[in-house]
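Heads up, the thing below is written out as structure tokens.
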Amino acid sequence: MKVIIKDSFEEMSKTATEIFLGTLQQDKRVNISTTAGATPELMYKMIIDQLDDSKYDNVHYYTFDGSSEMGDNKRTIDHLNDALFDHINIDESNIHELRPDNIDEIQEILTNSGDLDLMVIGMGEDGHFCGNMPYATDFLKPIYTFSADKSMPWYDTILWMVNNEEENIPKKMVTMGAPTLMKAKHLVLIVNGEKKAEAVKKFMNSEVTIEFPASVLKLHPNFTVILDKDAANLL
Amino acid sequence: MKVIIKDSFEEMSKTATEIFLGTLQQDKRVNISTTAGATPELMYKMIIDQLDDSKYDNVHYYTFDGSSEMGDNKRTIDHLNDALFDHINIDESNIHELRPDNIDEIQEILTNSGDLDLMVIGMGEDGHFCGNMPYATDFLKPIYTFSADKSMPWYDTILWMVNNEEENIPKKMVTMGAPTLMKAKHLVLIVNGEKKAEAVKKFMNSEVTIEFPASVLKLHPNFTVILDKDAANLL
Amino acid sequence: MKVIIKDSFEEMSKTATEIFLGTLQQDKRVNISTTAGATPELMYKMIIDQLDDSKYDNVHYYTFDGSSEMGDNKRTIDHLNDALFDHINIDESNIHELRPDNIDEIQEILTNSGDLDLMVIGMGEDGHFCGNMPYATDFLKPIYTFSADKSMPWYDTILWMVNNEEENIPKKMVTMGAPTLMKAKHLVLIVNGEKKAEAVKKFMNSEVTIEFPASVLKLHPNFTVILDKDAANLL
Amino acid sequence: MKVIIKDSFEEMSKTATEIFLGTLQQDKRVNISTTAGATPELMYKMIIDQLDDSKYDNVHYYTFDGSSEMGDNKRTIDHLNDALFDHINIDESNIHELRPDNIDEIQEILTNSGDLDLMVIGMGEDGHFCGNMPYATDFLKPIYTFSADKSMPWYDTILWMVNNEEENIPKKMVTMGAPTLMKAKHLVLIVNGEKKAEAVKKFMNSEVTIEFPASVLKLHPNFTVILDKDAANLL
């Protein structure tokens, strides 16, 4: 694991952008799975700006989690369309949405195209990555479905995703698990902000445990962690 | 993880030999770490036979565990000299012995030569791999030392290694840990014999846990498990 | 380039078999392109014997040359069916036949599945590899068609392929070219017999030139040449 | 080969910077060989700015050409010190200068550290790359020495390098050749300016020939060409 601490959110985003663009500008099929959310927002702006209108047919994108019906609330793919895909020159067929009902299909595409080249993820304050949630993570499943259970400490996170409309909590959620991430040629974790400083500290110190799922990623063979100063300030 | 079940110990050994020789016969530096013990005995005979007297300067070997003074008892490097290195055409400088006192040096050689290309390991009935012993494994240390403690369930295994001469139990032992194995481009586990069938079953079913250390290897991105029929007969 | 000289045709075949089987016994999609003809005959026997009836769904095979209608004469795919594919447990869909009319399709499959992992080829006495013939080779085309022209020194080779039935000389032939071979992660050339000794010598000494097309392969980044003693006896 | 055309010298430099920084920000030993001269000037400014004062111990740099005594004129290593190395946080021991007298040593370091991960080069108007000059290139030598000969069309280029002081033309020059570049995991060619447009056109259309040495690079398995609009304006 290589830890890079940058002075600001902007510098963190720039560093992630370099890895992202450095990976896709190769002369071969490139599979990228990348995160939605606030952390990568500036990174996507930089990527869009730099890609301009160029078309990279060699690049395929994969959402790493998804869910069944959520009412009018946005799913991961909607967030990524808004943040990235709608703003770059790309064919629909190069975007692969993971849903609870197409696990086998996505697995087959990944396997037959040489697995992920790059995965860019964030980390929750509770140590979740993708949809691998505390106490509900299966470290050994490549892709798997799970449900929100009121007993889970992260139930409120799911509620927040559906704008506190309990009736719209998806019946099934799906996520790539640790084995899929382990096969990514380069794994990048980006974390920013003081709010995450405690989680970053736990991440660095934690054993491999499902109480803090991201702990398992420290086993990845080529793993770059990019933090801004605020996220790193308890290290 | 890819599981290959062969009809006999000989076929298992042949399959491992193919991977071993297929890896080293490339036009680039190749780093191999390989196990001592009874399981690879036939594999080494086949390798020696096939390598004949050819010299492969591009291949470097690493012992994955070691220990301090053990009296007249043989250490891992002695066993590997007997089984393999003394019978092939190889310079001393291509063999890298891991000892409790040279961890940093070995780590530097590994890192600066591109990490392991191939690692061939066995598995104990208690689920240990290399020197990663039940309850005494640190999943997050690349290489680390440990000591034999009477309270440990594997204390007798160590006693057996020193011919039941308690005074010769090494003060310090050392082993490559999971992060080093994760960085190997190809990890191969060979297991044979009915005696190991129960362990193989546990291996297949176990969660990632230090009670059964080999469980963590199921996260490896390119992992081939080769069993003979007897070892596989509880699957 | 790494050159391995073995004592006999059998030892040469065994070495190639190890690389072949060592490559396919991994936990990932593996793309292999391999040659028809007399040189690999014993290698295929060894492979068939060792694979037994096991199914390797992760392995895809590609013919590297092909042709339009040849009367009743066998094409490359027929020879490979006879020598290998009919004798191993494999789905039709894992075999990809290159024909003059499906270049784009094959190129797309190769590109989207991560290019070739292994290519095993032979070499003609005239220095041709695959269908890259003296004076008719285009070093810069990944896959391309060509025709037999009476003025070419290799016209007789084509005639021999169609059993001297001039009317059955295919109107179009197709071959993978140097750029496709360059992208193979491991390129293996096997040559045996005294009849090829002169060509082997030329191969070793020749500049990069279309007069002796195999000369370009010396630029390959991971290239293993396996010769028997007879083929090597002018070195 | 993947060709990327950017709107300006700045955009070209930014794209190259992304690849450069994307490559070095990994958790493994990274070997980079990169060019001196005017073309990468802005790229180095961007790299220096972005690396700030961070130390990347995992990155090793190699000059790809060099020469014996040149009087007071600057050699490649001097130019790279000025443009890059003096401005980043790096140990001397991570910089490997190629000289006519240390070919074997540099070759051994490269081979034993897994060959180049990234090579960034420019191209001369006469099609030369590194020190591979028209009519004086040996496509098959990994690293080789050569001398300036008045009969060569590039004699004036060498004269210019020594400020037209004929007495300071180095007796021996040295360069990495095509086989070393072929082994680089990613090869990047940057070209800018209208002055090079004709050469870029020739590069795209030329066969593999020592008259236009860069032509051979089109065989590279992972090759990205980055042009600014001016350099691309005859395509």
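Per-chain numbering from 1; labels A, B, C and D assigned in written order.
Heads up, the rule we're going with is that a residue touches a chain if its C-beta (ideal position, glycine included) is under 8 Å from a C-beta of that chain, and two chains touch if they have at least 3 such contacts.
Quick caveat, the model's predicted, so the values are computed rather than measured.
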Which listed pair, A-B, C-D or A-C, shares over half of the residue-numbered contact pairs seen at B-D? A-C
So which chain is farthest from chain B, going by the mean of the CA atoms in each chain? D
Whole-Å separation of chain centres (CA-atom averages), chain B against chain C: 36
For chain A, residues contacting two or more additional chains: 28, 58, 115, 183, 221-222
Hey, how would you classify the chain contact layout here, line, ring, star, complete or other? complete
Touching residues on chain B, where the partner in the complex is chain D: 28-29, 58, 111-115, 183
Enumerate the contact residues on chain D facing chain C in the complex. 115, 139-140, 178-179, 182-183, 207-208, 216, 218-222
Please give the residue numbers of chain C that touch chain B in the complex, ascending. 1-2, 4, 7, 14-15, 17-23, 25-28, 50, 52, 54, 58, 186, 221-224
